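What follows is a short report on a single structure.
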Amino acid sequence: MGNRIAVINPNSSTTVTDDIDRALEPLRTSGGETIDCLTLADGPPGIESQTDVDGVVMPLCDLVKAQDNTAAAFVIACFSDPGLHAVRETTDKPVFGIAESGLLTAMTLGDRVGLIAILASGAARHARYIRALGIESRFAGEAAVGLGVTELADEARTLARMIETGQQLRDDHGANVLVMGCAGMARYRGTLEDTLGLPVVDPTQAAVGMAISAVRLGYRTT
Amino acid sequence: MGNRIAVINPNSSTTVTDDIDRALEPLRTSGGETIDCLTLADGPPGIESQTDVDGVVMPLCDLVKAQDNTAAAFVIACFSDPGLHAVRETTDKPVFGIAESGLLTAMTLGDRVGLIAILASGAARHARYIRALGIESRFAGEAAVGLGVTELADEARTLARMIETGQQLRDDHGANVLVMGCAGMARYRGTLEDTLGLPVVDPTQAAVGMAISAVRLGYRTT
Amino acid sequence: MGNRIAVINPNSSTTVTDDIDRALEPLRTSGGETIDCLTLADGPPGIESQTDVDGVVMPLCDLVKAQDNTAAAFVIACFSDPGLHAVRETTDKPVFGIAESGLLTAMTLGDRVGLIAILASGAARHARYIRALGIESRFAGEAAVGLGVTELADEARTLARMIETGQQLRDDHGANVLVMGCAGMARYRGTLEDTLGLPVVDPTQAAVGMAISAVRLGYRTT
Amino acid sequence: MGNRIAVINPNSSTTVTDDIDRALEPLRTSGGETIDCLTLADGPPGIESQTDVDGVVMPLCDLVKAQDNTAAAFVIACFSDPGLHAVRETTDKPVFGIAESGLLTAMTLGDRVGLIAILASGAARHARYIRALGIESRFAGEAAVGLGVTELADEARTLARMIETGQQLRDDHGANVLVMGCAGMARYRGTLEDTLGLPVVDPTQAAVGMAISAVRLGYRTT
Amino acid sequence: MGNRIAVINPNSSTTVTDDIDRALEPLRTSGGETIDCLTLADGPPGIESQTDVDGVVMPLCDLVKAQDNTAAAFVIACFSDPGLHAVRETTDKPVFGIAESGLLTAMTLGDRVGLIAILASGAARHARYIRALGIESRFAGEAAVGLGVTELADEARTLARMIETGQQLRDDHGANVLVMGCAGMARYRGTLEDTLGLPVVDPTQAAVGMAISAVRLGYRTT
Amino acid sequence: MGNRIAVINPNSSTTVTDDIDRALEPLRTSGGETIDCLTLADGPPGIESQTDVDGVVMPLCDLVKAQDNTAAAFVIACFSDPGLHAVRETTDKPVFGIAESGLLTAMTLGDRVGLIAILASGAARHARYIRALGIESRFAGEAAVGLGVTELADEARTLARMIETGQQLRDDHGANVLVMGCAGMARYRGTLEDTLGLPVVDPTQAAVGMAISAVRLGYRTT
């Protein structure tokens, strides 16, 4: 297994996988870990509902099993952390969900965490998860960009909406650190930070950072 | 500043600093960050009370100021996270406290976090901090090794007490992941994990892992 | 659809389905709802892990779709509430999970709810769910019967363990109402109540009770 | 006692009792429970303050005692759940408060519960009760219709205000299920659901639904 | 009204009122407030159930009304804080409940508050109130002396049981400050403090202390 | 030591100390405690950051040590409660922080506590402290006057901003009791109460009130 970290995009979009891959470039060093980004071929084009979330778990477990001999850690790169605990039962390697890692990392950078969501329809799902994580007293709230897949291809428009959303979280909800509630959006991070004056966490970057530490330190898993 | 991470032991014991330094070896890679461990010369021999904690903050800020031009991130290596927020005001580099980082990292490895404390007298201080972090619903409780500085030099005895303490947290408090509430104890981690069958987090390792990610990703600080 | 309530046992054991069916007899009245108990043929023999839970969601959604024209409400009769929110997206009929309904019903019968679990291995999964429900301040804790499927067939032994477990929850955890963390155990309820002197909730009975109200009152679902 | 459920309106308004009675019609079936609505003759015309709430407890206990031989369960039909725990001490039949039952039922229909209150002056009283129930993390907030008894007789005006209030809870507070904070308003439920696109719970209907289950299942009380 | 504080014992035992009166002696100063202890003649001999609590509210409001012209503040001297909010509606003078005041005062003297209760049967009632106050994260738990009225007359036995109870709260529940869950027990406070090595709060003393401040500072009430 | 209460202003402004001194006049009685207001000569002109807070702790402990023989209780008169727990380790006299005392006192006067802060920059520091106190479910939020030291000298402008801030807390955050988040502002309290129709707590008055009780009752400290 060496030191290879397998980052799995559970939707079938290789464009998203490529965006994730580029975002992880700063975490690669010459003597460091191999970070491989994989696409779940059986996944839906996008994960937008609880049904989408639950629907990828079994294929995801299968892919993890297939990769288990060659990976030292796994990252599930979808903000709903699909199958996080099932995958943890599947492998004895450390497994990181990007929502869990992104939110916990944000808690080291600010006091109240705001979530830039893509769609408003995920709010109840996110709320359940924030409560399950036990961190609701640090959660400022979420606001949604509200753009569909096609519209997200328009980068200028997407950025403009992310900025508006971030301002709303900062000014109305009192957030002082933001998490992007989606994989594959890291390219907007710098501009968001500069425009909003707040730290912004790309959750996949955060999760891979945690995976690097876990691989080096060799945590036992339960 | 390059990519140098300054890890500051806020007590004056260079033995502890050396223990910390050794514990960080797995986090050093050829093309990676420089991790320097510094001793706060003005600190007390050990930090055992709230007065000790508060007493190191100003010297710590001074040391951070002196290192600010040559460090890309700071880690405060005492489980009471002395001066964490004052240091964050002192520098615009990311700053990690080992308690904050250790507890949040543990939340990715298990559901209920148990704390192996050194002295029972810190319980109320830890309880205040756990509440301030907003993670009390994930906190299983703490149990103390109960050994003084001299006794801690007896490694067999220390290990035996850590195992007893860990068993108590696992069996009586329902912890399924443990954090060592002290810097410089990482050498016991492997044996504890194997004996207890649970992941065990050395908080300084966890914080330096987070600092590595932060240096690579360049988070804005607020 | 009329007034037919479809109760789905998501494991493949028809013995369990039959036990559930018998337990619902008191909820059937001459002029009242039809309560049909179905077995998820594709389910595993028992649901004991998060992987088992996640694995039944898609087949469960398929079964719900197939029954959607003839059912007025659905009950998912497994204490992990597998796929509860995915099923709610699948149908516009009200859907009840037995854990959610059982725990909330218990909150009308006592102040602190204790959970008689079958296996100790579900504790972290239950803890996540209790937090997600937002009711942890009413949760006294759980204790496990600790018997496997074969051993559960020995009714005297099962009852004895349930009584011991209930006493532990009552005396050590301060529970004053108990929920059985499993479908198909209602036949022990009366004896448990009499022996322990506490109300005991069979969660499937509770969920079907809620489904009956929902069918009569015609709640809109979101 | 048979299967008679006694629903007690603790204010002296028989108009309200009649409204409650009509609202319970869907819960009556030929072979099912008898649902009798009683008026507390000694109650005030309306219950609008904590003093009103506390003032009805002793007469309510007296009425429950007088009905104890002929009732299988009791429902206290005032949203402040006056005397809920005193009545539970008075009888060994199950007793349901409409606030408790309505709020818990709403938690099965949506993630964040909004409360349509009649008067703004009850907000602190409701807040204390929501905390006492331990469900504040599921509570989106309340907004008040703000009409007095006479004005409430104007049904068009009342409905219009309820819709405005519901929109405020949905759009500003993020509620995705609503509870009407009053007995005797069920006739507005359907229109509210259709206009707002959210489930709306009439708390008396919810409580009587729970009472029906309790009667059939014969829960022991403590 | 001047500066007279009316302390009302809501049970009819003048022995208890006398005990309360003696306990308040240290709070009387030559130039200070008049502290008058009154007995609610209509109260029961002791307040041991929720029915007892609710039963005294109306007589208590009547007594407060009768005293309103001559009192500058009121203290309700029963640990269930009967009618606290109804009395606050009855008068525009500040009103203090001894449970509320005692628990909040204890939070300034230690981190985790343990409650020495008289009877175990009050636990659920206390738990509801602790949650309603919103301070459950500071509450270590309660343990009961378990003596009836007659037995409480045996002071040696009562003290012995209070010490045992306090030790249990300190050693098993982690309490580092204690509150006596009863009026009229202040004479045991000094011995308890010395024996247990913890601060012990008599709640009536705490409430009268708060009332003195309120009278001097003239807080507006809402 | 007698009955002298030492109130320490940890900033070096004697104007603020004088304002505090005048605010405590109503708490002085002929036969009562001596209340002495001291200025921490080594403190900064104002305490506006976490660094300012932490910077005064050691000098504060020194001053407390110097006063320990002649004081019966200490009050730390800065809303960040600098060094509260370190000072509690330094002396065995009771020690009160004005934030802790002010917030807890407010909880006896209203249900939801709003904080009139001076500067917006303290919000995260206050949020951490509110969580550490475990009272966040009673906290309505904070709003800042937003005036610097020079501007605060303009009393009309300061009062106008305090009123606006209080209205915002009352109307937008649902606060029904307010705490002034600063020492030395008590002279605005009466006007604020009358204008806003809510109780307003000056935290130094609240803390000295608690200190008076503690001195009279002689609480053991831990």
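Residue numbering begins at 1 within each chain, and the chains themselves are lettered A, B, C, D, E and F in the order written.
Everything that follows uses one rule, which is that contacts are C-beta pairs under 8 Å (C-beta built on N, C-alpha and C of every residue); 3 or more make two chains touch, one makes a residue touch a chain.
Keep in mind that what you see is a predicted model, and the values were worked out from it rather than measured.
> In contact with subunit B and with subunit D at once: which chains are those? Just list them.
A, C, E, F
> Give the chains in contact with both subunit B and subunit C, ordered by label.
Where subunit B and subunit C share a partner, that partner set is A, E.
> Nearest 5 degrees, what's the C-alpha rotation angle taking subunit D to subunit F?
To bring subunit D onto subunit F, one rotates by 120 degrees.
> Call it same or different for subunit A and subunit D: same when shared residue numbers make up over half of all numbers used at their interface.
Both copies, subunit A as well as subunit D, present different residues to each other, with under half of the numbers appearing on both sides.
> Approximately how many whole Å separate the CA-defined centres of subunit A and subunit F?
43
> With chain centres defined as C-alpha means, what is the inter-centre distance between subunit E and subunit F in Å?
Result: the chain centres lie 26 Å from each other.
> Where the centres are mean C-alpha positions, what is the separation of subunit B from subunit F, in Å?
The separation of the two C-alpha centroids amounts to 33 Å.
> Multi-chain contacts in subunit C: which residues touch at least two other chains?
110, 128, 131, 133-134, 136-137, 176
> Could you list each pair of chains that touch, in label order?
A-B, A-C, A-D, A-F, B-C, B-E, B-F, C-D, C-E, D-E, D-F, E-F
> Under the definition above, what is the set of subunit C residues touching subunit B in their complex?
Against subunit B, subunit C makes touches at 123-124, 127-128, 131, 136.
> Mind listing the subunit D positions that touch subunit A in their complex?
Going through subunit D, the ones touching subunit A are 110-112, 137, 174, 176.
> Contact residues on subunit B for subunit F in the complex?
Its residues touching subunit F are 49-51, 53-55, 57-58, 61, 83, 85-86, 88-90, 125, 128-129, 131-134.
> Where on subunit A does subunit B make contact in their complex?
It comes out as residues 26-27, 29-32, 94, 96, 100-101, 104-105, 107-110, 133-138, 176-177, 193-194, 197-202, 205-206, 209-210, 212-214, 216-222.
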